[in-house]
Amino acid sequence: MSTALDAASVRLQFPILNRDVNGKPLVYLDHAASSQKPIAVIEAQREYLMHYHANVHRGVHALSQQATDAFENARGTVQRHIGAAEPCEVIWTAGATDAINLVVQSWGRQNIEAGDVILITRMEHHANIVPWQMLAKEKGARVEAVDVLEDGSLDLDHFEEQLKLHPKVFAFTHVSNTLGTVNDAQALTQRAQAAGATVLIDGCQSVPHMRIDVQALGCDFYVFSGHKVYGPTGLGVLYGKRKVLEAMPPWRGGGEMIDVVSIDNGTTYAGLPHKFEAGTPHISGAIALGVALTWIDGVGVESIMDHETMLAAHARKGLSSIEGMRFIGTAPGAAGVVSFVVDATHPYDIGTLLDSQGVAVRTGHHCTQPLMERYGVPGTVRASFGAYNTLQEVDTFVAGTVRAVRMLRD
Amino acid sequence: MSTALDAASVRLQFPILNRDVNGKPLVYLDHAASSQKPIAVIEAQREYLMHYHANVHRGVHALSQQATDAFENARGTVQRHIGAAEPCEVIWTAGATDAINLVVQSWGRQNIEAGDVILITRMEHHANIVPWQMLAKEKGARVEAVDVLEDGSLDLDHFEEQLKLHPKVFAFTHVSNTLGTVNDAQALTQRAQAAGATVLIDGCQSVPHMRIDVQALGCDFYVFSGHKVYGPTGLGVLYGKRKVLEAMPPWRGGGEMIDVVSIDNGTTYAGLPHKFEAGTPHISGAIALGVALTWIDGVGVESIMDHETMLAAHARKGLSSIEGMRFIGTAPGAAGVVSFVVDATHPYDIGTLLDSQGVAVRTGHHCTQPLMERYGVPGTVRASFGAYNTLQEVDTFVAGTVRAVRMLRD
Amino acid sequence: MNDTLQQRQNEIVEEFEFFEDWMEKYEHVIELGKELDGLAEEHKLDENLIRGCQSRVWLAASKDAEGNVQFQADSDAIITKGLAALMVRVLGGLPPAEIAQADLWFISKIGLDSHLSPTRANGLQSMVTQMKHYGIAFQAAG
Amino acid sequence: MNDTLQQRQNEIVEEFEFFEDWMEKYEHVIELGKELDGLAEEHKLDENLIRGCQSRVWLAASKDAEGNVQFQADSDAIITKGLAALMVRVLGGLPPAEIAQADLWFISKIGLDSHLSPTRANGLQSMVTQMKHYGIAFQAAG
């Protein structure tokens, strides 16, 4: 058992939560789209810019050395946080989307051939669909998806069926941003690898909520975004097994990623991780992400998960009283996300009316259109919870939804 | 004539300049690697994270709307600052390097064929060499370079020669980060386009110092990085002519850049600028870049340029007294960069001794190895100036260099 | 400036002055949405569809005997539909030229301009643009 | 712990205690660099080259009659060469096993550890690693 999280004291660390929206105190339930930032993260980024910003690597001056050390320390923090074997297996990217595109365009273009099968699931975020579709089109390969059961869990029989197609790669989300479903990433990875697939896991919605150990999972790639883990915008992480990364060609060319550049005699590339980090990196972001992950460790990621699960259960209970309520995603053990539609109302209307009561939820397809198709809905209302949310906020949200539905229906 | 810049009052806005390094007041002359940030930029980013962070686009809640408006306003600021015709011609990227790679891998892979010539110059930064080399290798095209004259200016006769090869694209730097050479971007663009080439200009070292009007230049693409224009790390800009951008396929796939995503029926893409902006963008960075460009306008970019040129001239004069001094890049009208080697000394040693006197300069190849080859040097010492540098700092730098050279030689 | 146009906008502004908070305003917008006839399913054609990212808007237009433009609008979201109803009320039945040049200041006056922001994903902004395009087109068609 | 190793490091620390500021320290390092014999041009072989991004370091090693390791080092940058000279002075002539396990605490004691950071582009950190690898290799070779 983890220790119970003290949401009230956690909240104090998030300056934005003091503000009003439309004349009402802000109730921020859009964590899955982007998390708010604790003061420690905001100040770390500011500190950096105020006191030791300089371009990293190659600099002989003290400032550059200081920035480089902080930047590389942050890489070490990420490495330890996700249980990677070495810091050089942690590649900075512009975000999870950028990280997936890096894998697709470097590993994918090297390894996927005409006729190959790329396996994803029907609950993927567009970021883990579209790049593969683009690759498939270029190479004459095809994208297949594992179906999703009515409760939002993965159809494991269909997964086994699809493995018979011998997919070259299996790319799946650890936790669904729309359904909250937590996939058994370790088991899926083992089965897919046993069937000969390289495995990429989209960790955007897991790293904020769960302890991750990429070595225990055994996956070849793991990606996540800084802005969803209480960290900065514009920064993401690609973890890759050293051997896999080493065999991949570079993707972006430029400074930092080279060894020798010659126009007449050709160019040679640097080793890991620099081979994949062309150009000046997002230095302030990397440092801030290190602080964000340290902050999560300080609160305790198990406590965060328990807290969010408790909030989600409370929300579901409250919302259940609404006539015509349909939850999208009801698998057991789901993470802190509640997605729903209500008969004879449009998600956009509910979202707008909640907003006017100060409650921020997300409405729409959540970048998972294939899931909307699957459930035959134009979109859902999604409330998603973070460490800083409280039971009282959930009550405000539930009451606001009840009121909104009444207004829309009457 | 621009009004003279008041460096002392500008300095006050840069908190980092108050610090000591190695027991000496910091003299930061590494502007060309990365500029320091005025307090307005630092605070804008902090304000955003403290008070109105949310994921942009698609959100119905007020916070998301507020973030989206600020984010899109920043795009408008960039558009006006560089004279683009429309906001949708401004694409956010992770940096200049990322922007060049976008052009190379989207436009380039669509347009470059076996046997084609890609024309660059010998003074390019690796960011404007390596991506083209990678493309050339993939397509069986070849990269040719325009030579650089001894004084660091472009060899215009050789340029005319090279145009006879009918290059499909001409990619060149507006201002050289190593030599300070300011190329006549308008004339080069016209000539290259008249010869049938598409033109990309690397504006990393021009946007911080000059007024840019992309429509007057007539180029097809213009790129620059936020961190070199008093702005944030992790963010860059690709400007492209609407027609050119519209004809290009997307590069990164993911959220934001799609219209309809379907696993079974295929996916369609969004319009400009979103087609090229997959995933959650660097929201805080974009907002901060808007503030940085507004800050430059407030000081006056002409005043900045004049000030830097004056500092560079003062530095050259002081350094000239050193025996064995060899300036690399002496073309008339060069920007605020002074690059040099001194007989019988190594740049690394001079850089280290300057650092111990609190003076931050860059040493090495400055990501322009072909230029080092051209001049037969292992690297140079480079001092580069920004709006916040003073004559007194230049004196400290010159005296420090004199002292360093004496120590190394005796 | 057209008197009818100004008068209609003034009326709406007065109508909204009553409301004390956002929820009351939306209550009224929802009511307007419910009262709007909308389009029959068979007229919800792709050619009339304006796709917002979140809600969809249909807009049809025709010229009546006097040469004025008549609009029909609908949306799958009721708040969007209510706002569309306001637009139809303001612009419907006016001569094409006036529609083309209409300054719709009432929207920001009643505080609902955020719904018309170009970054809003509801399709309303595109609907207004589309209404003006109809104005221009009918004007050109004579 | 080897006495010679500790003694040599202590000596260097005492030597550097005199200096009042960085410039004096570097003055001394530069002197050491100038005094180091270095490698003859024909021995600056690629196999002995350790490429830092900014300065290059050459390192050669051999076993002497007593089975101890003798190092020769050089660099194109004089400060790097001076620091290399310090390493050679501390580790040169020691038995392979001791080199392999040596704890080089003097570097941070005299405040020059930033030059040995793995993120520093001068090749020194790689040189130290290389010296230890020689220790291991000669030990294994018997």
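Note that the chains are named A, B, C and D in the order they appear, and that numbering of residues resets to 1 at the start of each chain.
The definition used in the following text is that a contact is a pair of C-beta atoms (placed from the backbone, for glycine too) under 8 Å apart; a residue touches a chain by one contact, two chains touch by 3 or more.
This structure is a prediction, so every number in the text was calculated from the model and none was measured.
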Centroid-based (C-alpha) most distant chain relative to subunit C: D
Whole-Å separation of chain centres (CA-atom averages), subunit B against subunit D: 39
Subunit B and subunit C, separation of their C-alpha mean positions in angstrom: 46
Centroid spacing, where centroids are CA-atom means, of subunit A and subunit B in whole angstrom: 31
Multi-partner residues of subunit D (each touching 2 or more other chains): 53-54, 121-122
Overlap residues in subunit B, where contacts from two or more other chains coincide: 22, 58, 60, 62, 348, 352, 363-364
Interchain contacts, given as pairs of chains that touch: A-B, A-C, A-D, B-C, B-D
Complex contact set, residues of subunit C against subunit A: 21-23, 25-27, 30, 53-55, 76-80, 121-122
Parts of subunit B lying in touch with subunit A, wherever the complex brings them together: 15-16, 19, 21-22, 26, 28, 30, 33-34, 36-37, 41-42, 45-46, 49-55, 58-64, 94-98, 100-101, 104-105, 120, 122, 125-127, 129-134, 143, 145, 225, 227, 232-235, 250-258, 260-263, 266-267, 278-285, 348, 351-352, 354-355, 359-364, 367, 369-370, 373
Interfacial residue positions of subunit B with respect to subunit C in the complex: 56-58, 60, 62, 65, 68-69, 72
Residues on subunit A engaged by subunit C in the complex (per definition of touch): 22-23, 345-349, 351-353, 356-357, 363-364, 378-379, 403, 407-408
List of subunit D residues in touch with subunit A within their complex: 53-54, 114, 117-122
